[in-house]
């Protein structure tokens, strides 16, 4: 058994991670940590856990994680991980940081897009393995420090990578028009995200300035081995979960839909969590909800020589807690899909 | 391993049952049956199953279930089970009928409320054990034929039974004001249930004439050992899953909220799937979704000497497929909660 | 032209009122007031008004309403009106208070249910006319001070009043099981009301302790001329607008559905905003959204001698801003339905 | 007064049109037509109209529209208008066809994309004025036959036209990533559009083959005066109303966001129903719902020299019934915004 700590267990990502790891046969949840008024059983703080997982949630100051856990997941707001990770690593705890603190390697880029002042553990930037298993599985295996990808970059990278890598895309450029559910804003986003403001409305925001924009550039550049160009436009849709990423890539020369489809099938044929749909089919977020799957469908618009690649993920699973567990399985040498075998509920 | 057939596997209840039993360590799904254009893998008919459960779905006429399965679940429209069950039982197949064909014992009552003509297997009415484990667990154990309760009666019976059974309710009468999600209408309900007609609206229907009205009377009368009286008013709410049942019972004499709460805690203390919430708390459908739990909260309105008992279930799990699996576990002698350990996703 | 001030114009009720009065041919909106960072056009604060109503919204301290307006609507949080109304009335401004400050006549009851300390304008309690036109039209005509009913009491009173008034209900008691949309919590309710927490869930709250409980008792007692008894259980449903109130009343003696229907038709035959549906029909919130209608349907459950009366309103229109405008029309001597002629959008 | 017929009045577009024209001071609704079991008042067929508009709806065969009306709106399924329009025009009735029958001028293109066989009134193709007032106001004024634009093309054309027309876009090409609410599928779309299948899911469909694809090419080519190139990808979002169109156009040379914004402000400064938002703001569908507005926001992604222009409309108003009324006002010489002054409800 491996001893595991989850910091931020009362947020959406932390709770989903607890739900997944609770059924992991090799995991003992030894530390559930969150900012709480007073220590309380998880089930009294997050009612879904009532009667199932009632371990005590304690405040960060009341526990020494390095004494308690072999692995620590940080599902925390910006700038918490950068304060905690150096000590954890120094004391031999393996870390999966699900926050954005260590995703970008370039300190200047981090500070430009996160806009919350200087990075306080800059010496560790670039030390974390970027936890997208489809791209970096070998580095994740046995890694001590993994930075879990953002939800949007996960969907976009899995959709755009194979075609960009083929060298067939003009300017190595992709437009990512992504639509997320409201849980992406977390559990404490405030009045702008109340039901009455979100229901029955849809909008774009943060064109070119979202903090996931440079992360997409970084991961896709790494994935294709040369600078990739990304225009990322996020949208908020009136649903709880899911990200649909519609990616547009101008083709250098003609490519049939069948060839494009073959390219994706070949790339992902051995992947446990990527489902390339049958030719002509496009994914729906509903078909991957509560699962670690990324569904992908492709099309070619011949008149404009443009490939359209669409991916669907659950933002809290493959886009967050599920992928963190997948990375953990690789780090610890377990079956990659341990505890991640869910089929989406119908409907 | 037990060989299991699911008839109606492409409907919501059938699909959810397949999802549950797929992970049951003692089950082999040997027959997936539905009315289909041509035999096709489940994953191509119900996309959630892609890459997970790709067994062929065949038409009813193309398979001899008694040759193939030890247990048969019928998740079928009205009047299908009544045609199929006699032969299945005669040939030794154990049956869980999730449809309404065999829930009511009284043929006249059946015909009055179902309004589709004479019952065609009336000799079997009353032969099925009513599959509400909290009430009839001993009879379900080892049973050959179980009729799975309706979704509304499950939520109402679990909420009203303890107090009615105590004899403290005037006229043994309960008002059940229940609110269901739209999946209760099934996968093929037609234009009246399209998104645009259901979203942003809420309404009551079928006051006193819903087919679950006599089922509630029957199960509660059985449960308390004398005729119970029920007024059932169903409502459709703009959500996919869940039933919230708000039950009103006039008290014969004063009862404190603490005593009422104690009554429910005592009744359900050993139940694996009933969670009586802490005093003062009321349940939410969101906290039980995708799970087999029934959450119950209680309150007393002293001015009018009325007990208010509220239950929340997932209409497709505890209200249908999950309870069917729970009954199956009892029939087959497996752990009652095998394959039913889910925690609700957050959010 | 009548000069009108709206205080709290950036909240949901205030904005809806502005939307309604903007098209009122006899109204000049001379003061739009709200707590704002700095004075700004309404369209920049509430984007729906862009290009239509761009008058400046100013802070309460920056305007003398009595100088500016003949009528003042207060769409404000608790305890704001009690500080403002005495001066407004003293200076001759007619007031429609849409908040709860002056709905209850009994100071002790107010303080028990509102739980925010002593009422600070207790000398005015009972001075306001309760603005339910169907019950108190004559008093509202020409009134100087109207307290606009709560959303829940509006739906409940219109549903229960005719039958209670007939004397045919046991103990003059009604159970009100009401389901509201999330806009009822206002525009600034905080993290408990974010989309992800509200979507796909339904729950009851505040059994017997909601501040609308004593208001229902008061209005129905006034309406029937003897003490009425109410058990009110509010529910939150995953929709933006609408309240469906399902009311249960035990009949003293047999009454046919036709007689019950006739009673309601008779009572409301001259009402411009109450639609008694055809016999056998029940209302839907979607059919009254964005309108000042209250739709009512009735049924009788003969087995338990219970009348079930269901009403549907838009909580922000007939339940708030629309009714305020209706009261204003009566106070000012305009056509009662001026500016209130909307038909619900389809769908 | 002008006598007006609406054919298809029980569908969503027809009903919304009736709602709008009912309050038009110059309109008398003399013929409400739909396929009905038997003639019935509109309020009994579409409950929103109860008590407001109870004129009889009759079957097409039971009325001679040319005898009854000066103007006829056709809000009908494919291929109904092509059978009806020749006779209506020949007999002097002015026609607004809201269906897709006469939008495309090229018969071959029509038959390729609509896929329902030969056009049966091909001699009239090209005779209808395309009813996008912002582009073709002068032709619409006084026209006898207007073809009302599709919902998607309305949002896309208003967003893309100004920049395409400037000549600053590479290849005169625009990618239109559009997200619609479910009412776009009409009132009778069948089981694929039921609530449980649509809620909590989002997907793309019909890449490059949607029947609005060639309509966008046609209208934008007309608008800019040379062949425009369009890649249109529609998406279905879990909401009832609204279309958000996110348009991507690669710039030939650098353009600042301020210059782009100025271009749009200039183009639309006199338009009554286009609101160009303040620099830096992007539109939301919720802010235009139930209104005839098209809100537009712009951004420039400098790294990839791409303009992002986003428009929001209500698919049933500016995208259908409202624009039809706007066209009617122009045809008949009324104020263009008569009966179209709505402000969006909040929230």
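Here the chain labels run A, B, C and D in written order, and each chain numbers its own residues starting at 1.
Criterion: a residue touches a chain if its C-beta (ideal position, glycine included) is under 8 Å from a C-beta of that chain, and two chains touch if they have at least 3 such contacts.
Note that this is a predicted model, so its numbers are computed, not measured.
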| item | value |
| --- | --- |
| Most distant chain from chain D, judged by the mean position of its C-alpha atoms | B |
| More contacts between chains, A-C or A-D | A-D |
| Distance from the mean Cα position of chain D to that of chain C, given in whole angstrom | 36 |
| Chain A-chain C separation of Cα centroids, rounded to whole Å | 45 |
| Chain centre separation (chain A, chain D; CA means) in Å | 38 |
| Multi-chain contact residues (two or more partners), chain A | 12, 181, 183, 187, 196-197, 199-200, 238-241, 284, 287, 347 |
| Arrangement of touching chains [line / ring / star / complete / other] | complete |
| List of chain D residues in touch with chain B within their complex | 12, 181-183, 185, 187-191, 193-200, 238-240 |
| Interfacial residue positions of chain D with respect to chain C in the complex | 12, 15-16, 19, 22-23, 44, 46-53, 183, 187, 199-200, 240-241, 275, 277-278, 284, 287, 290, 293, 295, 316, 341, 343-347 |
| Contact set on chain D toward chain A in their complex | 171, 173, 175, 177, 179, 181, 196-197, 199-205, 207-208, 229-231, 233, 235, 237-242, 244, 246, 248, 282-287, 289, 297, 299, 301-304, 306, 308, 310, 312, 347 |
